[in-house]
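Have a look at this one.
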Amino acid sequence: MALEQLIVNGLIAGAIYALMASGFSLVYNVLKFLHVAHGAIYVVGAFAGWWLARVVGVPLPAAIVGALVLSIIAGVLVDFVAYRPIRKKGEAALLMISFGVFIFVQSLVLLFFGADVKSYGLPIERGLDVAGAIITPLQISLIAISLVTMAALHVFLKFTKAGKAIRAVADDAEVARVVGISPERTILVTFILSSLLAGVAGVLVGMEQNIEHAMGLSAVISALTAAVIGGIGNVPAAVPGGFLLGIVENVGIFWLPSGWKAGISFALLIIFLFFRPKGLFGGKTRTV
Amino acid sequence: MLKVNKLEKSFGGVRALDSCSFEVEEGSITGLIGPNGSGKTTLFNVVSGIYDADAGSIVYDGEDITELEIYKRAAIGMGRTFQIVRIFPKLTVLDNVLLAQPHIGESFWSAFIRSKGMRADESRHRQRALEILGEVGLREKANDLAKNLSYGQQKLLEIARALAVEPKLLLLDEPLAGVNPALAVKIIGILRKLREEGKTILVIEHRMRDLLKLADKMIAMDNGRVIAQGVPIKVLRDRKVVESYLGEKSREKFA
Amino acid sequence: MVFAYIANLLALAGIYGIVGISLNVAFGYTGLANLGHAALFGIGAYVSALLALSLGLPFWAALLVAGLFAAFIGWLLAWPTARLRGDYLALATLGFGFIVESVFKNWMDVTRGPLGIPGIPKPELFGFVFASTESYLLVVAFFLAITYFVVKRVVDSPFGRVLKAIREDELAAQSLGKHTHRYKALALALSGFFAGIAGSLFAHYITFIDPSSFTIFETILAFSIVIIGGMGSVEGALIGAALLTFLPEPLRFIGFPSAIIGPARQLIYAGLLIAIILKRPEGIRGEYAFGLGEKHAKSKQA
């Protein structure tokens, strides 16, 4: 495949990775653990959109909104049921329960929807020729929506009161409480945001490609790899991290057989963990 | 016993240790004082190897140990307690002490091949561990889980562990913090006995009265620097030292 | 007829019991969350299968070499990850697991990729072939017993004491003079050894292996066994393995089609994992519940 096409493919993939990594890093930033179940929320978003649009028959825009709402509900529910009771038990417990939730949700999706691949059934579009590569209007919108969403996230985190509360609680929940911020409410907002991001990613992928029950695993692996590349816990850095991963992965198969695509991202993960664990831009890590 | 020369340590942009130099004589008790944030614990962390110094040297018993790994420093007789107690909570008190003792057949293969010599060794170490616990008064608690001890008892356990290392140099980080008067007296007694046995002690403390009675020498720090060292009474009366403790108040006056 | 069915479950439970015990050495006792544990299991399976098939090595030798090789990989894994803590260790071992899975899937010349390796021979001893399920059960039981006694011996020894100290507070252990990196390497080597043996037992039992048996889901299954059974308890791993092997079986009798049984199984063990962490984190037999929270809460003030 031509290099230009691979770069375009990389941008499309990167846009999704950036969305997922932002949500993942956001939770890590505030709660300091790896929210692997983030991949499950993504699957919920993708399937909810499909189900509403193709089974229930709702017009697509409403289905998308419904899918986002359901993603948020799913994410908040996960926090409430699985994370909240064990907040103080440490990162290992949270990580394990997060895996448990991920597998639980994926199995539910498999049981309810079956193993076959599903499609949102959008009309096939003609690709546009941009600098030698083919890209469809939908794919362009995908990249644009991803960028706009993350810009909105950035504005929210930097300028709104809730955003500042998130940064305060991320820094030190007890001190935040003392100045009148409710950590639990802030955590709720955090999960609303991250689930929304996962839901957007899920719906976008659903529209652009097909969906199947196991899609969450590769999504969350990409999310955490991109987050590590940018700097885990560093939300803005997830954006370059995601795009970098997308491009390196796709351009990488210019030289390597395509079966090794996944291997490229694992190799990147390992390289960064060993040689630059703080990522490109520095992450928010635990002390000690 | 311990000679520290122009130690430097920075974190990010913050200078935690700034050209620190001092000496600790063998068989003495030296007090290390300074307001919060002056770098005392950082100094301990560098001396014990938890942090690497950015510059400077540490000479212990004649040897330069600046680059030595943490675990090797214990092997040459450096024992240390922590400001916030770092015992092993879900292990028994006895296990906590046993772990501190050097050369105790902890190799992988000795799990399978227990020669008679090793078994005799192990029971000797057990005896010694119980003795040490007896010295700090924790003998009856030997089989309790460390997390079930009271705060004061945990501090004693930390000290017991530091003793079990059979140290030549003991670094004690606020051994008297938060303990009741009776226990404080006990701990001071233990420290005196250690000095009699020829051990060297460097102790961070805020309780000046106790330090005055105990210490042969005092070192004062502020902002990562050693600002005074010498005879305890003189150091405590040194103007710079007094100012470092009152620092905030006087700065408020002039602001 | 019924006995063959039960024997099958027992054999699987036994194999998973060994997996659980091997993970316990690394995670329950030493506190190393090796999210690539299934990779060690898989390496044992593939090495044993390949040695038996291409070199004609007898099962017993293939198993031993598989165990030693997996031990070596475990040992190797320890060094670059020695300085990594908590989340970083989890991520690195996760990456390791995925890389090994990638190798299984892509190294067509050796592993035949997704085609897998069929026709793995059964163990033989003095002419007797352990072909039936019941006879294989004896083989599994034999190695399970060895695993149990060896690991028990190790964890109750002074060496095991150091492992537990590393789990509780690695820095404090270093301050007491323990070369913790070396202990962690030995723990991962021991963990790898028994995981490799379990892998070999698995390969020669099912007689066909492919990369899909050695994924992150199998690793989480192993963690579920350890956590549900009780971290830091060798008996707990056995109980956990038995529970997770036998519990989903009644579904078969209620009449669910086998397409449902697979995901239902995962649902059950994931659900149990969640429930145990929420309600009884020390597991059924655990001496040790997740305790990292306390240490980190304290260090916030440091």
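We just call them A, B and C in the order they show up, numbering each chain from 1.
Quick note on the criterion: a contact is a pair of C-beta atoms (placed from the backbone, for glycine too) under 8 Å apart; a residue touches a chain by one contact, two chains touch by 3 or more.
Computed from a predicted structure; not experimentally measured.
Taken as a graph of touching chains, this assembly forms an open line, each chain in contact only with its neighbours along the path.
Highest inter-chain contact count (C-beta pairs) belongs to A-C. When chain centres are defined as mean Cα coordinates, A lies farthest from chain B. Measuring from the average of all protein CA coordinates, the nearest chain centre is that of C.
Each chain gets one centre point, the mean of its Cα atoms, and the points for chain A and chain B are 47 Å apart. Chain B and chain C have Cα centroids lying 41 Å from one another.
Distance between chain centres (mean CA atoms), chain A to chain C: 30 Å. Not a single residue in chain A touches at least two other chains. Across the assembly, chain C contributes residues 171, 291, 294, 299, 302 that each touch 2 or more other chains.
Residues 28, 32-34, 82, 85-93, 95-97, 99-104, 106-108, 110-111, 115, 172, 174, 217, 221, 224, 228, 232, 257, 259-260, 262-263, 266-267, 269-270, 273-274, 277, 285-288 of chain A are the ones that touch chain C when the two sit in their complex.
Of all residues in chain B, only 48, 50, 69-75, 80, 82-84, 86-91, 95, 98-100, 102, 104-108, 110-112, 122, 161, 165 touch chain C in the complex they form.
Per the touch definition, chain C reaches chain B in the complex via residues 153-154, 157-162, 164-165, 168-169, 171-180, 186, 190, 287-288, 291, 294, 298-299, 301-302. By the touch criterion given at the top, residues 33, 80, 84-88, 90-92, 95-96, 98-99, 102, 105-106, 113, 171, 216-217, 220, 223-224, 227, 259-260, 263-264, 266-267, 269-271, 273-274, 277-278, 281, 289-297, 299-300, 302 of chain C touch chain A in their complex.
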